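Letters A, B, C, D, E and F name the chains as they come in the text, with residue numbers starting at 1 for each one.
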Amino acid sequence: MAAPVIAFGELLMRLDTHGHERFVQADGYRTTFTGGEANVAVALAQWGLPARLVSRVPDHDIGTACLNHFRRYGVDTDLVVRGGERLGILFVETGASQRGSRVIYDREHSALRSIEPTELDWPAILDGAGWFHFTGTAPALGDNVLTALREGLTAARGLGVPVSFDCSFRSTLWSEQQAAEILPPLLEYVDVFVGSERDAQTFFGIDQTGEASMAAMNETYGLRAVAYTHRTVQPTGINRYSAELFLEGTTYASPIVDVSVVDRIGTGDAFTAGLIRGLLLEESPQRTVDFAVAAAILKHTIPGDFALLSVEEVERFLDGSGAGYVLR
Amino acid sequence: MAAPVIAFGELLMRLDTHGHERFVQADGYRTTFTGGEANVAVALAQWGLPARLVSRVPDHDIGTACLNHFRRYGVDTDLVVRGGERLGILFVETGASQRGSRVIYDREHSALRSIEPTELDWPAILDGAGWFHFTGTAPALGDNVLTALREGLTAARGLGVPVSFDCSFRSTLWSEQQAAEILPPLLEYVDVFVGSERDAQTFFGIDQTGEASMAAMNETYGLRAVAYTHRTVQPTGINRYSAELFLEGTTYASPIVDVSVVDRIGTGDAFTAGLIRGLLLEESPQRTVDFAVAAAILKHTIPGDFALLSVEEVERFLDGSGAGYVLR
Amino acid sequence: MAAPVIAFGELLMRLDTHGHERFVQADGYRTTFTGGEANVAVALAQWGLPARLVSRVPDHDIGTACLNHFRRYGVDTDLVVRGGERLGILFVETGASQRGSRVIYDREHSALRSIEPTELDWPAILDGAGWFHFTGTAPALGDNVLTALREGLTAARGLGVPVSFDCSFRSTLWSEQQAAEILPPLLEYVDVFVGSERDAQTFFGIDQTGEASMAAMNETYGLRAVAYTHRTVQPTGINRYSAELFLEGTTYASPIVDVSVVDRIGTGDAFTAGLIRGLLLEESPQRTVDFAVAAAILKHTIPGDFALLSVEEVERFLDGSGAGYVLR
Amino acid sequence: MAAPVIAFGELLMRLDTHGHERFVQADGYRTTFTGGEANVAVALAQWGLPARLVSRVPDHDIGTACLNHFRRYGVDTDLVVRGGERLGILFVETGASQRGSRVIYDREHSALRSIEPTELDWPAILDGAGWFHFTGTAPALGDNVLTALREGLTAARGLGVPVSFDCSFRSTLWSEQQAAEILPPLLEYVDVFVGSERDAQTFFGIDQTGEASMAAMNETYGLRAVAYTHRTVQPTGINRYSAELFLEGTTYASPIVDVSVVDRIGTGDAFTAGLIRGLLLEESPQRTVDFAVAAAILKHTIPGDFALLSVEEVERFLDGSGAGYVLR
Amino acid sequence: MAAPVIAFGELLMRLDTHGHERFVQADGYRTTFTGGEANVAVALAQWGLPARLVSRVPDHDIGTACLNHFRRYGVDTDLVVRGGERLGILFVETGASQRGSRVIYDREHSALRSIEPTELDWPAILDGAGWFHFTGTAPALGDNVLTALREGLTAARGLGVPVSFDCSFRSTLWSEQQAAEILPPLLEYVDVFVGSERDAQTFFGIDQTGEASMAAMNETYGLRAVAYTHRTVQPTGINRYSAELFLEGTTYASPIVDVSVVDRIGTGDAFTAGLIRGLLLEESPQRTVDFAVAAAILKHTIPGDFALLSVEEVERFLDGSGAGYVLR
Amino acid sequence: MAAPVIAFGELLMRLDTHGHERFVQADGYRTTFTGGEANVAVALAQWGLPARLVSRVPDHDIGTACLNHFRRYGVDTDLVVRGGERLGILFVETGASQRGSRVIYDREHSALRSIEPTELDWPAILDGAGWFHFTGTAPALGDNVLTALREGLTAARGLGVPVSFDCSFRSTLWSEQQAAEILPPLLEYVDVFVGSERDAQTFFGIDQTGEASMAAMNETYGLRAVAYTHRTVQPTGINRYSAELFLEGTTYASPIVDVSVVDRIGTGDAFTAGLIRGLLLEESPQRTVDFAVAAAILKHTIPGDFALLSVEEVERFLDGSGAGYVLR
């Protein structure tokens, strides 16, 4: 059994209107649970890599349902602390064509935000861990979470556990200024950075563009790897997606792929999971970024936040077979 | 057009699991909106009486959906203030037989709780009003709401608008001690009290039992009318329900009725609405309490919080016709 | 193969709100198709007896869906004429406990009502038929249908095909006076009458009560058999149901049975189908009325209008086994 | 508060099969309510403009549900008369790719068709009105409606209320000849015409093409503004949509936009609503036609007939931002 | 009435996850019934051609539901034998964009596989038949089915009933080697072959390509007609589809059509049904292949396996009208 | 952490029609997974006791979905072997009132049935185990399963792991004679027997009745404890349920409880789980049988096979509080 990946972050309830209904039309919601870091854990678990959540959810049946949901998909939830007031909620309506999807966040006062640093025993949590992952939403959740995160990062560095960070700026959580102040110092503990040229510019003071931007991020923050993803959206809703991985001085570019979207949420997490998998399993950098993009592309076709895909399915995509056929 | 009934209180989103599913089984929820006072307003609107909500909901699409829901059923929502952080949520699973229904409240930090007294112009709101209704949950929502409520009650008294109060103690909102401290002074402004002998004892210092309890409530607090409701639940889920109305020194008892339950939530509000209607229209006290109980009984058979019943349907029940028949 | 039963009457679309929702709550409907006579045909088809519909439905996809629905359950629809403006609609909300179910009819201007007598070639339709069935709704549908019905009855009498009639008065279709004028002459062609003491009194001038009423109906109208059904509804929704069959001077009473109701519509048709089956197969009169009541009782537990029951299931009920058990 | 827009026309129930199911596959329908003029009213209400329906619906619960549906979305239904036999019904199956959507109308004998002119007090209805809107379906509904419409138009002209007319020819309601006879005289009362070059040719005797057609319509009928919309459909279902507005001698052309379709019904009404809004608020002609097209485009992505869009959403589309992104 | 088409093959239950859900997400399934040969029968029945199934299903309610499903759509199921252990099942998840649809077969030990040759009285079955159709899955179902099939083919040949064969190789049922051994001898009884160049090569020893392949198939196996279909899938899920019919020495090519896919399963059966119809009704070869491709294209837009299309709808497509429009 | 309970038996897919629909009405199914032994494991996991499944499921996505379903509810599935042909299926329609629920089994040729004894390493499986549970269905699944079971029982006895056995005779799996031959020798390894007087008589040669039957079972087979459950069903569907526990020479009788049924399947498993819990935690015998009956009663009110109940909920029932109330 491989050493487990530890994913630290908030868990939320996701409530989706049916089909393409708008919020004001909804008479019911589908229910799943999500979290940027937890989505990465789910994808890794589908690929046979042990993954554990570190978070905090209320000690009532909705909290239990949340943990059950992640456990259903093979993620270990035993490290999640029970307590606090409420689970944050994400209301989602799925757009179509030129109408973008919309999210209404109701995530203030969440169980994780009121965590006491003493509730997490980081040395025990990270003992034997193979990887530590967090995103830019965790530091945005207030001092308690930030403190806990810093302790976790310090412990990870001390234990030599590699750390990945997905920038994921959310303007509903904090301002660009706040992020630009708090995020850079955290990179000291980070090995793998996932974001975009715009992120590098806005939050990390990197003025270069293109490959130079990745190189500058790498050098400035002493990273092992930098990955940028790119997306453009066509008027009728087709998404064009690609990524680059900068590793040991070389840039590896994925193919550029068009995809018709069922559910875009969680596609970035699928990419990050693919990246972590490639680096953990020491696949070639080109294969790593290709696999990550393939996972992200295929995630676009799956409802919900999770990249419920087998390694074989992703590889079949990479081999160019299977697209749109009925496999029977 | 009759003078409108003003209902002041919190509006919440209600999310129900499907059928008799437990929370941990739910993969989706039906969505409605509710509120103890607002449910009374909806019932009155079904009966042709103008009803207006006074509350506060966030200025986003879920807030709009909430207002739309009440407006759909004929309640005027123009007085509802837009603002604040979030709408409180009520997760509901419907029990069966010996398994009671369960509610998980996620109603802290709601839009109403952060209302500023200046946001409500009570003299304007109550101008031309025929009735003012509130319940015991409003005073439990913190100082801002309590202040706003007191101002509303003072204005109502000043304008001679009759006031009804449904005790509705919720242990998830505050303690019995807190309620026993805050509620009694509010009765100074109340004309019609709806509750139970246990409420009288616990919160209002009334030691008598039965009819004497109602008389004591009446006298102690200078009320115009006191109504008590009674419910017992049989093992297989049949509910036995009745009520008494104490008015001008006389007690009027309703029949005792058994009912098979589809949805119990909102049945007390249906009763209160029936009571207000009878008093407003100056029906006989016996007819008033009978109508109120009939409305409550029939509400048990309707999914959701609302007593979506016509006057004719309630009266047909009172006349003993129609029960269980197919009307075609 | 037995000689087929011919059922003449209107076919309608039935739209049901979900669960116990009221019309004003509905955001969707379940769709089936129905018809008092057609329901009898469906039950007979489940029991292996060939059954054919004679009716008229529009020549569009909703008309086709209607015929498909009956054909799905084994009824022959080849005799149904295509044409006319629209299919009548029955909106249904299912009550609970003291709240009765409600039906809103939208059945005016239906395809059958505008039928031209020449569209039905009765001698061909009835050639080789073993039975002819109609109800009291057909004569209420206007002159065209009444004329067609009279021609059918005349042809049946001429060919010696036995005729059954289920009184089924619907106040939304015509008045009691109209029915009392039009129905009695039709009994001249009828062999088996299904109704109630109240029907005998209101429409057929029979003043006697109880068994004497059945005997009087029998004698006055020269019938072969008379069947009365009885129903009382308890406050919490349990239905008490029984029937009597008067045949060759003797009354055969079924047991009195209590049943908890899923869907009451079509239970009378299930009874009539059971009666026709017993008479056609020359079962004993007692077995005939018992089977008919058993079919009606079990129909109460099935959603939709159809008695989708095997002979074995009805007989297992008669044998007192199986009630409420899981058969596995 | 702006002066209200009055929309006169028929209200119908819309029953949709689920997903892309054909009528013959349907086992249930989603239920909404619609009406070409009422859809315009709903869109205007979303944009903060007061809108009122003038129509007639039956005095039963389906009629009430219809009004509740429009009231839910902020449209004033107090002017709608209750009475008549039935609500017209629209059965809809949604096509895909080369299979077009299909509608089966069951709208004969509707409540509106039997309206008596005396049921509408036009001077009172139009008192203080800011706009009057009708479509080409109203004059197709028979003499009673035509008479009522003419009275309304006369009153509007007398009171100086601007009138818009959307041609919307429906071959299931009447023939082209009938329309060509009845519609032209109505234009005498119209200020703003919405249609197509083909409409101008077929019903209004205009032989010119392109811009000249609009100019000829304008001049011939003394209009204030003429708007034409254009649509072509690609084999795989993408719709290409654009419009032109002819105002004071100048033609303002919108961009040509491709859109992937969720629900096409009501897109023309969204356009008309955008047009009315721009003219009422005296926006620039170019902005007016652009906004109208943007509203129509976005309506294609929303299930049901209503353009449930905020002004901000339409403007964000016009600004070219947001397309296909997750807004969070 | 035309002479009936006999379709011999297995009937299966099809269970579909909802929307684009993956198997591991499913909390429910939609249920239909299918079968390559039966799907052809359903399409023919929609077009007014009598079609009869020859198969075997268990004598329980799921077996009955299967027959009811086909009967609903007008197919005669009276020849289907009842018996055997179980109905095969097909679990289906519908892909999107680059994620292909997936099928999990659970069809071993099916009722048909254990059929005894004596259970089918082929001379009686084929008496008066106008056509016999089977696919490459039937011979893959084991010796019992193969024996029965051979007897049927022999009887058909003896009676002069034309026979069509759709190659439909399924790798989950048998290997290419097995198929290459068993299929060719069956062609001796076949008049019309439907497949692909690859089929000709893999199973029938034909090395030529393009038109020459069809000619070689025709000559080698003494066929009357050969039809090849072609499909390519674009990354975002659009399917490009076309076909060629080789008849009496001439190749008739259909147009090449792009289609956006709702449900691909059964599109090949729709093509074959179109082919059979054209040949049976002696339409021109070009019209025949065009109609067959049009039926296949439109089937892509219909959920489930059935080409629920009228002749008029297919012809309207051929005439280039109607695409993507709302027909009202 | 307590020593885990090992549950050995078959896992099946359960497909339920919606509401009270009959199989022939179904257009879709809800999907869960079940297994008599696995249901016990789920109940124990809800109560904080570690529970592990030993079984075999196919190595495809339906097999994965099955394991995910149990893991969701906290059961350890790591010991389940992947392989074999298919997962058995249970089609369920839920009865009402006098119509019993019906199950169609499609469970032949299941993955477990073809298990090779070498696939289960019993000493490793049972290492550290606190309990072993199996039911009478496992021995009915053929020689492979029986051999594996015997090896498991032998290992359990060798390791001193207590063994419980729930008789659960299924006539669809084997005959009474077969059961009477195979089951008794297995009791040699059993400590706790759950069944009925009829089971004792039919399969285990015990002629006594009542308490004497339990004593005789105990003595004859050297058991530690014997539990009998009793159920009678009233015509309108109310179930009367009770149980007795015979332990160390004394009989402990539970109260007799009436319950209104939502889903009866799995109620026996809930009872057995309650029994195992009481014995494992060394609760008093009376408390043990009362808790077990309470769990069974409450399970009747929960859809699906699982007793998704907390210890607190069961105890609240035992304390007589909460019944039918809304807990808020």
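Here, a residue touches a chain if its C-beta (ideal position, glycine included) is under 8 Å from a C-beta of that chain, and two chains touch if they have at least 3 such contacts.
These numbers come from a predicted model, not from an experiment.
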Count of contact steps on the shortest path from chain A to chain D = 1
Where the contacts of chain A and chain E overlap, which chains show up?
-> D, F
Greatest Cα-centroid separation from chain E: which chain?
-> B
Taking CA centroids for every chain, report which one is farthest away from chain C.
-> A
Among E-F, A-F or A-E, which chain pair copies the contacts of A-D, with over half of them the same by residue number?
-> A-E
Counting shared numbers against all numbers at the contact of chain A and chain F, is it over half, same, or under half, different?
-> same
Where chain A and chain C are represented by their mean Cα positions, the distance between them in whole Å | 62
Distance from the CA centroid of chain C to that of chain E, rounded to the nearest Å?
-> 41
Interchain centroid distance [CA atoms averaged], chain D/chain E, Å = 45
Where chain D touches two or more other chains, by residue | 22, 24, 27, 68, 73, 102, 261
Touching chain combinations (by label order) = A-B, A-D, A-E, A-F, B-C, B-D, B-F, C-D, C-E, C-F, D-E, E-F
What does chain D use to touch chain B in their complex?
-> 68-69, 71-74
Interface with chain A, chain D side, in the complex: residues 73, 238, 257-262, 297-298, 300-304, 308, 313, 317, 322-328
Tell me, which parts of chain B touch chain F in their complex?
-> 19-22, 24-25, 95-103, 105, 170, 172, 233-237, 239, 261, 264-265
Which chain B residues qualify as touching chain A in the complex?
-> 15, 22-24, 26-32, 60-62, 64-65, 68, 85-87, 89, 91, 102, 104, 106, 108-109
